[in-house]
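See the structures that follow.
Both of the next two complexes hold subunit A, though its partner changes from subunit B to subunit C.
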Partner chain A sequence: MLEFCLHVLIMSAIFGIAAVSLNLQAGTSGLLNFGQIALFGIGAYAVAILTRAGLPWPAALPAGMAAAALGGFAIGRLGRDLAAEYWALATLAVAELVRLVALNEDWLTGGPQGIGGIGGLFPGLDGMARALATLALAALLLLGTALVARRLGETQFGRVLRLMRENPDLATALGHDIVTCKVKVLAIGGAMAGLAGGLYTLYLAFIGPDQLLPFETFLIWTMVVLGGLGNVAGAVVGALLVTTLYAGIPFLKDVVALPSDLTGSLRVFAIGSIVLAVLMLKPQGLVPERLRRHHAQRP
Partner chain B sequence: MARMNGPTRGPTHGPAKGMTGRITRRSAGVALLGAAALAMLGSGAARAQDTVTLGAVLPLSGASATIGEDQRRGIELAVEKVNADGGVLGRKLAVAVEDSGGRAQSAIDAARKLVSVSKTPVVIGEYSSGNTIPVGQYLQREGIVHINPGSSSPAIKTIGDRSFSTIGLDDVAGKFTAQAVYGMGHRKAVFLAPNNAYGQGVYAETKAAFEALGGQIVANLLFTEGQSNYRRELQRIAAAKPDVIIYSGYGQEAATINREAFELGLSKTPWFGIYLSMCTADSRPETVEGQMGMEVNYVGPDGAWYRDAYKKKFGKEFATTFSGYTYDAVMMAAAAINKAGSAEPARIREALAALGDYAGATGPIAFDAQGQRKTQPYIVVSYKGGELKTAAK
Partner chain C sequence: MIQILIDTLIRTSDLALIALGLNLSYGVSRFPNVAHVEMAPLGAAVALAVAALFPGGGLVGAAIAGALAAGLAAMLLHRFAFERLAGVGPASALIGSLAIAMMLRAGLQAVFGTRPQQFDTPLTPPHDLWGAILSDLQIAAIAITAVCLVGFFAMLRLTPLGRSIRAIAANPALATASGIDARRVTLVTVFLGGTLAGIGGILLALVTQLDIGMGQMLLLPVFAAAIVGGLGSLPGAVIGAFAIALAETLVMRIDFGLLAADGPRYLPLGYLTGIGFALIVMTLVYRPEGLLSRGGRRA
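Then we have the complex of A and B:
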């Protein structure tokens, strides 16, 4: 049982990193990235390919982050002339593109079978010690990511990002170069998502194209929206909540003793209704963004 | 449990009237997490000591839910049978069934739950190769016995020595399909299948065998799953003017393809479905009338009793061909546990590998050196008047 709880916490921390990244892009900067899983996937595949080639993971992980940052940079450049809604659609297409490359380039990505048997984290330890070490690493990296994201939000750059979100024309009129801001924030968000993807691969010792389906992007979106768009802590809370729900709801049927043919429907129903309930009761998310008073209101 | 209750109850009931929104907000989150945690703990305590529990990860929701439900029925029948015959090691047998939602991440989570919470020595699953492979690899690492009752990708072989299959893999299926299609006099075929581990595998095997016989695959359309329509693929098929369309698709997706093919008038060309019951499970009957196909047999030559047992229990004919394979998986695992005299994974693995010829509901099962089913009785079937009929030879 404890082991399973550790697993849920590790997955929460990993998805927490991905959610903090998306929150920086969508929450702080207003960039509706519907291709978040592509950045996650680039990091995941880069780490898988490099560790398979014999690189130790402490070296592969930064390389995966760099690859995903490059991916973020490219997505930002790609849409520089597009209006926000059109750019959002383009990101969805880019994510599918990345998945299709992963699916079809067998020589590099293992094709539909994916890449398995990856060395993984802490091969020297076993059982509980390994899970604890992995959790410590993931939590530390989540903390680091969250601190970077939070610090970034407090800088002048962060203020420009929020202005870009609220009123891009005003930001341009004030002399800020929107395209540069966009590209920068996507590269930073990309590195974070790549870190999450790399950790995911190392932890599960497997990555395949099925893990890059658009559904996964929307799962990360659910985390950010439930937690509270625009708030770093919200993204972390959202990731913990959604991951726990997905992993925890199957336990309900063990307690309530439902017939097992209802198992599948129960999960879909329970997750749907909880998400709906939170959004109706807390439209701003569980931990809404708090703007500093003199930013939010006139005295 | 009491220990967990404390902190959960505190913030939930603590705030008095008139507290700020912030506390209430936090309490909502804590309450949700607390409920999930309680549910987790409860299930651990409910586990009885006089039961041997095996695990299963099945697609009970998602695109393959019809098949997952049929797989679950096979398990239910097997558990009843084993317990009626005295159980295993003098104890009752149970199978904890978890839903994968047809999604790799959820399938892995479900397998982890079975291994670390329910402590099952054997896990049966899944259905799609893309989920079966990571689940199998995880079980292999944990030293747990894996039995694949539904995936046919040849890549299953590479999982490892803890992994067994009660269903034949596609290298055998592709050859059978090619011979059947060629035998019907078709020479010019197009191939339509999902672009995933299963589709790519079965395409490669069928193409090799069909071309070795002298046939030709003039177009290969491996489609992206989850599209809202497949007209682009179907129009390319129409343009190729084939003798026969060899295809395969999972329930709901095949239903979309069949409906659109029907609307485009393409259903006049002969269709040959690989695992036809999977292709027609969710399709409207008029759109698939007259389709031919290959099938793993529902039951083996001596398996009529299984069809009767299924009908008696669930009041209908088989929904798909896949229930027999989970039935056999449970029965073989139970036999191995009894033979080993132990429910230790390592002992069960040895006993399974040494089980020899097993007379299953789906025919005789024997494992090769890689733990895969050696021979698989396939049949040619046709869809007539709402059900599958064995084609006359």
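Then we have the complex of A and C:
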């Protein structure tokens, strides 16, 4: 039981990083990235390939972040003058292309079997000590990511990002280069998502194409929407709640007699209804974005 | 050569009705509804259930019931979810439609099971048409698609309802000012869109089999067709479907080895589904307004 709780906490911290990254893109900057899992996956696969080649994980992790940042940069350049919903569909398509490459290029990615047997974190420790050390590392990285995201939101750059979200034409009129802002925020968000992906791979010692399904992007979106778009703390709270729920639902079959394939459907159904309920009843989420007073005052 | 044309037509008939329904709904509701493609498996599943419950009713009756059920579902979803979500913003509507798509798929899987099922159709020997192989069912599917398309466009051009639909798609404010009940016509339009998708799903299930996960497989090709043709453009949806079908057929049949002159070399089959995604990305980058539409590019 304790081990299970530790596992849920570690996964929450890892997905918390991915959620903070998505919140920076979608919440702060208004970029509807439906291909978040591609950035996560690029980091995950880069770390897997590099550690398989013998690189120690403290070196592989930054390399994975760099690869994912490059991916974010590319997605940002790609859709530089698209309207929001069109760009969202383009990112969904890019994520599927990344998954197809992972599925088909056996020589690099192991194909459908993925890459397993990765060295992993803290090989010197075992059992509980290892889980605790992993949790400490993941929580520390989540804290670092959250602080970076929050600091970024308070800078002039963050103000420009929010202006870009609310009124891109006004931002352009004030002399801000929207394309550069977009590309920058996607590269930063990409690095964060790559960090989450790399940690995920190192923790589970495995990465495969099934981990890159569009549903995973949707899961990260659920965390951000539930927590509250535009608020870093909200993304972390959302990640904890959704991960706990997602991990907990299979245990329902111990309480109520349910066939196991039904619990799979139930899990998806529950996640979907959370998003729908939040969007319809409380669109600002559990932890709403707080604008500073002189921002909030409108004529 | 003939086989390429026939294959393209078969694939076009898979995609055209569903893409047409998508663009029809987009024209009046103004957000890309990801849940729309789920109307295809829904219609097919209901048709199959009706055919099983009333064996005497015949296939046509079951198909009509399935198509109407899909239309009704689309209309109810619009009335009780999307109307409200679209009020919050197009981003919320997009995320909400993704949530509903997931829930519909999970619900269908829970009710109808995950195993593919088939309609009980008589086995007939395939025809040989100038060297191309074609079955009775495939001929029927192409013919029914063509009849539906002709009937739909005739309705759109010739009837008062069609005129109202075009008015609302072109300018909702002006249409309302002219005395058109925009809300009612929108609901009817969404019903028609769902029915078209339902027919498409039933035909697909008739020719191949009913796979409850078909919505996921159709999502990107159908959106590719809609986007290539121009989101919201009705003739564009049909032309887009043909373009996607042609691209998929050609890319699979072109021998890339001829270019490099080192023996036959085809694109790996695993990338077939990637063609739609690649076309989405290319269209969005080079001509975001699609072949036959305006808009899509951020001003």
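By our rule, the second predicted complex is superposed on the first by the 268 of 299 C-alpha atoms of A that agree within 3 Å, B and C clash if a C-alpha of one lies under 4 Å from a C-alpha of the other, contacts with A are read in each partner's own complex, and residues count from 1 in each chain.
Quick note on the criterion: contacts are C-beta pairs under 8 Å (C-beta built on N, C-alpha and C of every residue); 3 or more make two chains touch, one makes a residue touch a chain.
Only a predicted model underlies this, so the values are computations on that prediction, with no experimental measurement involved.
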item: Which of subunit B and subunit C A:V268 touches, first, second, both or neither; value: both
item: Partner chain in contact with A:A133 - subunit B first, subunit C second, else both or neither; value: neither
item: First, second, both or neither for A:F215, with subunit B first and subunit C second; value: both
item: Partner chain(s) touched by A:L100 [first = subunit B, second = subunit C, both, neither]; value: both
item: Which of subunit B and subunit C A:Y86 touches, first, second, both or neither; value: second
item: Subunit B versus subunit C as contact partner of A:P283, first or second or both or neither; value: second
item: Contacts of A:C5 with subunit B and subunit C, given as first, second, both or neither; value: first
item: Touched partner set for A:A74, first subunit B, second subunit C, both or neither; value: neither
item: Residues of subunit A that lie at the interface with subunit B and also at the interface with subunit C; value: 100, 103-104, 215, 261, 264-265, 268
item: Of subunit A, residues touching subunit C in the complex; value: 30, 32, 34, 78-79, 81-90, 92-94, 96-97, 100, 103-104, 168-169, 214-215, 218, 221, 225, 261-262, 264-266, 268-269, 271-273, 275-276, 279-280, 283
item: Subunit A-facing residues of subunit B, complex; value: 25-26, 28-29, 32-33, 36-37, 39-44, 46, 59-62, 65, 68-69, 72, 76, 96-99, 101, 103-106, 108-110, 112-113, 116-117, 129-131, 133-134, 137-138, 141, 153, 155, 195-200, 224, 226
item: List of subunit C residues in touch with subunit A within their complex; value: 31-32, 81, 84-85, 88, 90-92, 94-96, 98-100, 102-103, 105-107, 109-110, 114, 216, 220, 223-224, 227, 231, 268, 270-271, 273-274, 276-278, 280-281, 284-285, 288, 295-299
item: Touch list for subunit A against partner subunit B, complex; value: 1, 3-5, 7, 11, 100, 103-104, 111-114, 116-117, 204-206, 208-211, 213, 215-216, 237, 240-241, 244-252, 254-255, 260-261, 263-265, 267-268, 274, 278, 281-282, 286-287
